[in-house]
Amino acid sequence: MNALTRQIDSTLLDHYDAVRSHTRELVAPLSAEDCSAQSMPDASPAKWHLGHTTWFFETFVLAAHEQNFAPFRPEFRVLFNSYYHAIGERHPRPQRGLLTRPGLDEVMQYRTHVDNRMRALIAQADQAAPWMPLVVLGLQHEQQHQELLLTDIKHLLSCNPLWPAYSDQRAPAPTSTTPEWMAFEGGLIEVGHQGTGFAFDNEIPRHKVYLTPFELSSQLVSNGEYARFIEAGGYEDSSLWLAEGWDWRASHHLSHPIYWQPRPGGGWDEFTLSGRQALNLARPAIHLSYYESDAYARWAGARLPTEAEWEHAMSSGIHPAKWESGQWLEHAWQWTQSSYAPYPGFRIAEGAVGEYNGKFMVNQYVLRGSSVATPVGHTRLTYRNFFPATARWQFSGIRLARHV
Amino acid sequence: MNALTRQIDSTLLDHYDAVRSHTRELVAPLSAEDCSAQSMPDASPAKWHLGHTTWFFETFVLAAHEQNFAPFRPEFRVLFNSYYHAIGERHPRPQRGLLTRPGLDEVMQYRTHVDNRMRALIAQADQAAPWMPLVVLGLQHEQQHQELLLTDIKHLLSCNPLWPAYSDQRAPAPTSTTPEWMAFEGGLIEVGHQGTGFAFDNEIPRHKVYLTPFELSSQLVSNGEYARFIEAGGYEDSSLWLAEGWDWRASHHLSHPIYWQPRPGGGWDEFTLSGRQALNLARPAIHLSYYESDAYARWAGARLPTEAEWEHAMSSGIHPAKWESGQWLEHAWQWTQSSYAPYPGFRIAEGAVGEYNGKFMVNQYVLRGSSVATPVGHTRLTYRNFFPATARWQFSGIRLARHV
Amino acid sequence: MNALTRQIDSTLLDHYDAVRSHTRELVAPLSAEDCSAQSMPDASPAKWHLGHTTWFFETFVLAAHEQNFAPFRPEFRVLFNSYYHAIGERHPRPQRGLLTRPGLDEVMQYRTHVDNRMRALIAQADQAAPWMPLVVLGLQHEQQHQELLLTDIKHLLSCNPLWPAYSDQRAPAPTSTTPEWMAFEGGLIEVGHQGTGFAFDNEIPRHKVYLTPFELSSQLVSNGEYARFIEAGGYEDSSLWLAEGWDWRASHHLSHPIYWQPRPGGGWDEFTLSGRQALNLARPAIHLSYYESDAYARWAGARLPTEAEWEHAMSSGIHPAKWESGQWLEHAWQWTQSSYAPYPGFRIAEGAVGEYNGKFMVNQYVLRGSSVATPVGHTRLTYRNFFPATARWQFSGIRLARHV
Amino acid sequence: MNALTRQIDSTLLDHYDAVRSHTRELVAPLSAEDCSAQSMPDASPAKWHLGHTTWFFETFVLAAHEQNFAPFRPEFRVLFNSYYHAIGERHPRPQRGLLTRPGLDEVMQYRTHVDNRMRALIAQADQAAPWMPLVVLGLQHEQQHQELLLTDIKHLLSCNPLWPAYSDQRAPAPTSTTPEWMAFEGGLIEVGHQGTGFAFDNEIPRHKVYLTPFELSSQLVSNGEYARFIEAGGYEDSSLWLAEGWDWRASHHLSHPIYWQPRPGGGWDEFTLSGRQALNLARPAIHLSYYESDAYARWAGARLPTEAEWEHAMSSGIHPAKWESGQWLEHAWQWTQSSYAPYPGFRIAEGAVGEYNGKFMVNQYVLRGSSVATPVGHTRLTYRNFFPATARWQFSGIRLARHV
């Protein structure tokens, strides 16, 4: 949280408005019922995302820094707390879907109420106000929840045998190209964030890492390639799997990615945010767990990259065209073999926001890049996303690596 | 299902309209979100009750007997099937709360659509139409779901820390009277339904039972009496409990009825359909499991009645005033010590409706009477309600019995 | 427990010696390791049975009535307590298999030690000693554990892929006869124990029951008949099963009785106390759960008897030859459709032995008769055995009934 | 598995005899019952360890390289397979404690039988026999199981309320010294095994790592220090714990290390291999999970070291006296914050032994050093032990690190 600074390319107020209104746009296609349901403990209702991201500003900024602060509704302090023990009690996570009250309307009123007060606070502030970094953090936090809102809605709708669509909009067909191995010499390189732009506490300090020579694929593994892995018996060959992954696969009776559906007569359909569709073989395979990604890599005679390899390669001039278009990083988060751990010299921030990252640094694996669901402007080469090895409902795919 | 006959006191069409519109009235105070959530696998969303009761008429009556039948939406055949294997697949019960589509509006359109067709069918029929008994059964079925809709909504709202009220309407204060032991000589008596009025298949045949002399309390156990049981350490004394109940109590960390809440400073509050209220000590204690009821009875030096004792006593002229008012049977279903079992000569009906009752006749206990949530006109002295010994979310209470 | 009286056909001391030494004979074929393992929470290690039956005499008789009583080893009071809360703490049931100390040798010394003291106590006592009924109860209790010891060992050995035999002794081939329906008129009959012989508290008081006319099969269902049920798709037809049984079957992936094994090339083997054997089609089918028994009965167009029907039929002069030989009741406990409930006027005994029966009277079903594993002399027409509907490891079979 | 070579300081035959007979010595204090029981799925019966280590030689060496090979008993190929899918079926791990047959005697005969044949094979072989590395691997494997045998027996005996002792031998009192921070400059260093001595495949290749400056404690955290953490409320302060550790602690109701027992009147006892003893405050705290170790470190204002830091520090001349005595590394495995992952260039061996290490490289944390239970001669600076973050039954402790 040190190194949090004002955005360069827009005033904070404009940025606040842009991020907050984007969240409203994301829920526009959804009914109140869609927004209220929770499909599994790992996911949250859209309404809860709407409330929680607002709670962040009310709790960490307004309650501490607004004159004559009064909460919109005192009970929300508990209801919309995610995991901040320092703030007090939390509503149990697996029961978020039972909160039919407050209704969606009231949560939208809560957003408007907090937005009005935040706008007033920001408008009056001078640039050195001590809470400015918290506003920036709150907006980054909201952008994270924008992606989660989409992954969670996709999972919810996939549980409905009517296969409803979130939106009729279809993603454009990707330009399929042949993957190539890109070689890197490694040596003593540096990773981690530096400079004055925003970064989470887990991205710093920038530090040296020694890499042996390696190669990285220029493309993510495609649906077509992954389908060949399935056809080759990949889900039935224990020698390809981590022991824990093999047992997980067996106990959940898995034989394909979570949103794939065998099509009568052969081939695959896929559940998408546009409903059930024929599987596009040219697109990157997504919604894969770490276990599946690791098994695929072993089958392909390769491995997953480390996060240092990934960051070094991506910052070595790869893909300049994509950088500029803002669509670099190719549609899906990319599993690395690096467990989520503190960088050398990592320090936890004081106060409740210190619970933001550090306490999750065990039994999680780092994903790098970004996805089709990541909000524009929220991507960063040093960004460290992380999920348990079992997670399948994220937009997560595979970029292969290998030793030379 | 034999002995199903036309209602006497109203035309079938009037009765159909009355029952169906009462269901709509029950959900009037609820939002779409309230109607869509499911608080536990044993409970169903209100929207599902609305759809399932409609599905019953569409599937068992219209699909079989309407000319040019076409389903409102074919997927509903699976979506709103509860447990009828003969009808085919069912949506998994614990996932009913994930069906955010169809929305409440569409389910209401479904109701209107089916009602229009049912009204047309009934209006044209002559009295001997073979599906008439199925319509009567469907209305009885809907009345059962009317009570479940209330118990399920109460449970859902109780999971919300905001303690929302279903309705502002408060039940009138009961006239508290001192319980008396009413003596019965027993002997060879008869129980079970007879005559031409409607009864479920589990209420027949009427048959002889031999009863030894017994006594029954004139009143249900009150909240005040049950509070004394708690104060006397009833939840901590293993000698009062069935072994299975004692373990259940321990594993769920129970020390009071499900909707009771210790009030700061002493005494109890209770979650009600009108929100959180001070516990009314004069009212019958409700929402008790069989285990709790049995433990209370042992503590009180009594026992639960058998269902034959209960029915014999109630049909022996007890409470004539209450009979006439339609408010007899005192506000709460009454646990009996009788496991739910077939009457001698019980026969399962042919076809899908044969799954209505018989297949649940194991590990359930019979409750007799009715409750504040039972629709007017749905009470019957021979009625056999049944739930597992763990059930707490029903309006279930205690009437004590003892041997002479 | 009232009506406990001295045995008629032997002195108490002889009876004590006979029962106690029979337990030793039962474990003679077993190693110390065999005696120490526990295959599931419902079963106990043989060593625990040896200790617990001894604990009964030490705790209820010697500790209360021996002069200068000192326990063999004080820790055994907790270690070998089964479920008597009044005696204090118990070792957790699922962890009985972890008690490698005391070893089998020490437990045998414990038996010898207690036997010596019991013999001395009995020898000195006059016939009216108040603890005499407790000795008789203790011996009946030990006989119950003799049967459990065999069912538990059979289950343990069945978990070993080497299919070890408990004993080489093979049961003689039964004389197969064609089952006949035996008709009974019913009416007002009596069931329950009376007289001066021993009976458990759950068998009294004797009381009147009204029975409608019924028929009972002269034979238990045979392995051959049950195999035809399987071949006819009985395990795949939901209409034959109680709803709870159907779900239980599915979640445990069951398609045949617990000890049946499909033989390569067709037909069935069966795990027996003599190891794996070809299934004898003429013998009664055993080790069936209530769910399986009920489904079979429905498939056969019949039903399970009530316990009153069973007792009335058996006491109406059936099978006099078998009565005399002591081998009546045909090899297997017989499920009834009667849930385990108190007889009218049932009273729980004072003190710890009051926990013997009453507290299990919920969610259990009564079995009548006896089995090949029941000790000689422990059978009684009024005997009420009971197990949950899921129990498969007991010697339990099916006698069909039907309405006329 | 490359780089497996003949031991230098002894002939292979002597080494074989020494390792194999040490295993027998370890079980000498145990009864057949002690050797047969399994206290939890993570642990194995001592008898299973005895059989499995023998199975390793029979399966990987004799079956492949002995002329006229015939198995001691064919069923043992399945029974004593741990996790090698390439070998075929395995007996389910959680059911190892149900294998009362073969008895301990027969397993000891199995050992003798295989030892005789192995001795003959080794005696006749020339030094370049291709299976020699497998014998060395088998002995290293057996030494690993020697430690597991002790940790598993300790856990089993701890489940017995009689607190039995494995042995009367007490460990000598340690010389308590004040911990100091030892500083290391870091930089580009090397870790991993090199040279001709034995190492597991997970210890190679040796490779470069860049370390920032750090400090390491000269001592392990003592029982006294850990007790102060408890007294300071360490188990009740969520800010000290990883989120996953906090939930794990809560769901298991933990408030102290697994073998600590509050002493009536204050202070702590500890269950040891010599039974229950007063806690020795000067000794290293052991049997700690990763979660507990990490929480303690945070409380102490420090952190756990990485495995590279640990290896670099230990190989930088630390503790030369202890090195020579063979008792260096201070009594307990030491958690590192490094998840168990492949070294750069790691290659999985061909064939079944390729399953030895690589497939466990997920959701495990590396421990370094050795423990009081590690056999003499089995310690190595580059050794990588690994367990899940929840593991408490290993001899695992804490060495603190911190950034400068």
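Every chain is named by a letter (A, B, C and D) in the order it is written, and numbering of its residues begins at 1.
Criterion: contacts are C-beta pairs under 8 Å (C-beta built on N, C-alpha and C of every residue); 3 or more make two chains touch, one makes a residue touch a chain.
Remember, predicted model here, so these are calculated numbers, not experimental data.
Enquirer: Using the contact definition stated above, find the chains touching both subunit A and subunit D.
Expert: A chain counts here if it touches both subunit A and subunit D, and no chain qualifies.
Enquirer: For the homomeric pair subunit B and subunit C, should the interface be classed as same or different, according to whether the shared residue numbers exceed half of all numbers used?
Expert: Same-residue interface.
Enquirer: Taking the mean of the C-alpha atoms as each chain's centre, how many Å separate subunit A from subunit C?
Expert: Averaging C-alpha atoms per chain gives centres 59 Å apart.
Enquirer: Counting only Cα atoms for the centres, state how far subunit B is from subunit C in Å.
Expert: 37
Enquirer: When the centre of a chain is set as the mean of its C-alpha atoms, what distance in Å lies between subunit A and subunit B?
Expert: One centre to the other, that is 46 Å.
Enquirer: For subunit A, what residues touch not just one other chain but two or more?
Expert: Within subunit A, no residue touches at least two other chains.
Enquirer: Using the touch definition up top, name the residues of subunit B that touch subunit C in the complex.
Expert: Of all residues in subunit B, those touching subunit C are 83, 85-86, 188, 207-212, 214, 238-239, 241-246, 290-291, 294, 303, 337-339, 341-342, 344-345, 354-355, 359-363, 389, 403.
Enquirer: Could you list, by residue number, the parts of subunit A that touch subunit B in their complex?
Expert: Residues in contact with subunit B: 31-37, 39, 47, 75, 78-79, 91, 95, 97-104, 156-157, 159-162, 164.
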